[in-house]
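Have a look at the structure below, then the notes.
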């Protein structure tokens, strides 16, 4: 059974059909890319997976259990993590605190009235946070305020935050958007390094180079429908895909 | 229609009129500038106090023209000098500064005029009652209504129509409405909406000033009146839907009606607005005409 | 928690507490040296408790409430009614207040916290005004309406009459304890969650945290502090006015917190002392206009020095030690 199963998902906003009968299957530990021209519905699909919006029809199942009407924080607690198009981090807090929050959420669950914890019990959480920051290459700046980071570093911080939740599935919404070539390469390297960790990844990407470096499988979304699904090499040569990208749709 | 019912409707309209004017200004400013103006009640009393002072000097008609213009100018200056600095700052800071402003204005009023009500008499030619039964055939017998309150209703209607006409039919209004919907898009198109913010704020202040000039005799004129009117006006905006002018208008009229029809039961009348707000909040959080996701 | 371990932070907090405690306990005495009077010290302490709790909400989560008078006033009325009709002992009276505030804050929190900060500010103002209106009308029989609630006998603590310095020491001890509690909250995982709400509540939501629950708790905790202050106020002076429920009382705690320095715990307490001093001592010199002056100071602080008095101190310290605000080095007090 696949880790994440999207079956027959449809979603419309007003009169606009954002998604129509989308089927997708993500296996454990794999990297699954979703590509497609702008407006194809990629973000909508991701938002359905993370509980930000509810599909009109069809189901999204994680680990065999439906995600329908499950609160976003519960979805995260089940083991899904999300990276946003514009890196979402806690700007006023230090890097260490940023990751510690995620580690605490993992340790304590979605809510814990934890007002008088002895320092001895909290220290390990900060140690763990430090390790994650080390993993993503941000060890030097752990006491810096997060808002001072460059975009590329904010992305790394965000990845560290996600990792601290020990997710089994990570949803990455255009992780290299707005990045220079240099930053993009560094991010791809980091993602490759983390690939071995065991979390499956769903990556929305525009950058084909990134897709072909990372993906085990690619789904192509066009006007809300999956028009191709398979190994990267297969999709690359698919005439339908080429038409979608070249035939009037803008990148 | 019975006399009593008609009078209650008329009263409701009159009660709602002042809230409508204040709420429209609030809604306009919030919808365009994104600022919640806690000083709006203070602008109202500024209008009222100015009216009291000037009426003796230059007569009421002139006052009714000068005061709104003065408030407009004041609004523009306020936006340019103070409010503008806060667009990039967190919402909390915006609220704090306008709240502080309200406080300062009220304290100045207290300093100059004292903390008690000052008398604001309606001009002699409008102080009597209108014999409604002479104009409206469906009324039987003897039906009167205070002239001034009718004038208030009339003025409010004029202002409301004027505002809507401004927004619907002028280029300025078009830009403002577009800015209320999609501020990012406007920037894209190269339209500088921030330039117009001063004018928008000025208009909001002007409307509050008009409300003060015509509503003053009814609500009394003292420093506390500002905040006393502001709270229900806020709720009117919330009930109508933040950022919706139509909503504010409808909700204001509804409030006026609710107040008129509960006039017999004083205790209920005091809290009816809050009860309605609670019900709306629980059942339709975005308000009657509010857009989803505007304030979560 | 920036640049230090949790243990080090706690040590620093303890040091501040250690310095703070004697200052508070000796207040009746040193206050007189600067023109104050003994009884003023009790008022200062009471407002410090109020401001402390308010800071937990505004300073940590960033939610601005204009309705905390609802808790202050309601608690005062409940304690007052208990003292008047049931028992002169303050412990059960305060306990009754505690329970009422628990319920009231749970309900109000539920109604107002679902939405953004703007909505929240408006709604808290509105509901507090509703209670104020109700106290004057529906509940007039209990509250005494415009005249307020007066008690004829002195409250007691285990038989000891609550007079003058007795009241002060009860309030002062409570303040010290509540300050310690607030410090611990700030350094705790719970406190960290609250501060992250202010920073990026969406990110927090998508990190698996039930943001709503934390907001609710923060709100209720700050309401408790306000309620505690209200109880003590009526023990200090056996009279409850409807003013206790008025928005101006809510406004006062907002002003003192901002002037003092939101988010620092110590700042709002200093703000409380400052405001009480201004109202009771400075007024003798500049008369009725003290409130106008305070209002102008408040606006000036919001425009030019949003971090309040504590920020002014910080800037002064940076200037004297020659350390400009660099990313890694500052952040003595996280999150304003």
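Per-chain numbering from 1; labels A, B and C assigned in written order.
Keep this in mind: contacts are C-beta pairs under 8 Å (C-beta built on N, C-alpha and C of every residue); 3 or more make two chains touch, one makes a residue touch a chain.
All values reported here derive from a predicted model rather than from experimental measurement.
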(request) Sort the other chains by how far their Cα centres are from that of subunit B and give me the top one. (result) A
(request) Determine the chain that sits nearest the middle of the structure, using the mean of its CA atoms as its centre. (result) C
(message) Distance between subunit B and subunit C based on Cα centroids, please, to the nearest Å.
(response) 33
(message) How many angstrom lie between the centres of subunit A and subunit C, each centre taken as the mean Cα position?
(response) 41
(message) Can you work out the whole-Å distance between the CA centroids of subunit A and subunit B?
(response) 47
(message) Can you pull out the residues of subunit C that are in contact with at least two other chains?
(response) none
(request) Note the residues in subunit B that touch 2 or more other chains, in rising order. (result) none
(message) Give the residues of subunit A touching no fewer than two other chains, as numbers and ranges.
(response) none
(request) Sort out for me which residues of subunit B touch subunit C in the complex. (result) 36, 82, 85, 89-93, 95-97, 99-101, 103-104, 107-108, 110-111, 227, 231, 234-235, 237-238, 242, 266-267, 270-271, 274, 277-278, 281-282, 285, 295-296
(request) Over in the complex, which subunit A residues touch subunit C? Could you list them? (result) 50, 71-74, 76-77, 81-82, 84, 88-94, 96-97, 100-102, 104-106, 108-117, 119, 122-123, 125-126, 141, 143-145, 148, 161, 165
(request) Quick one: which bits of subunit C touch subunit A in the complex? Just the residue numbers, please. (result) 1-3, 5-7, 10, 181, 184-185, 188-193, 195-196, 198-200, 202-211, 213-214, 217, 327-328, 331, 334-335
(request) Please name which positions on subunit C make contact with subunit B in the complex. (result) 58, 62, 64, 66, 111, 114-119, 121-123, 125-127, 129-130, 133-134, 136-138, 247, 251, 254-255, 258, 288-289, 291-292, 295-296, 298-299, 302-303, 306
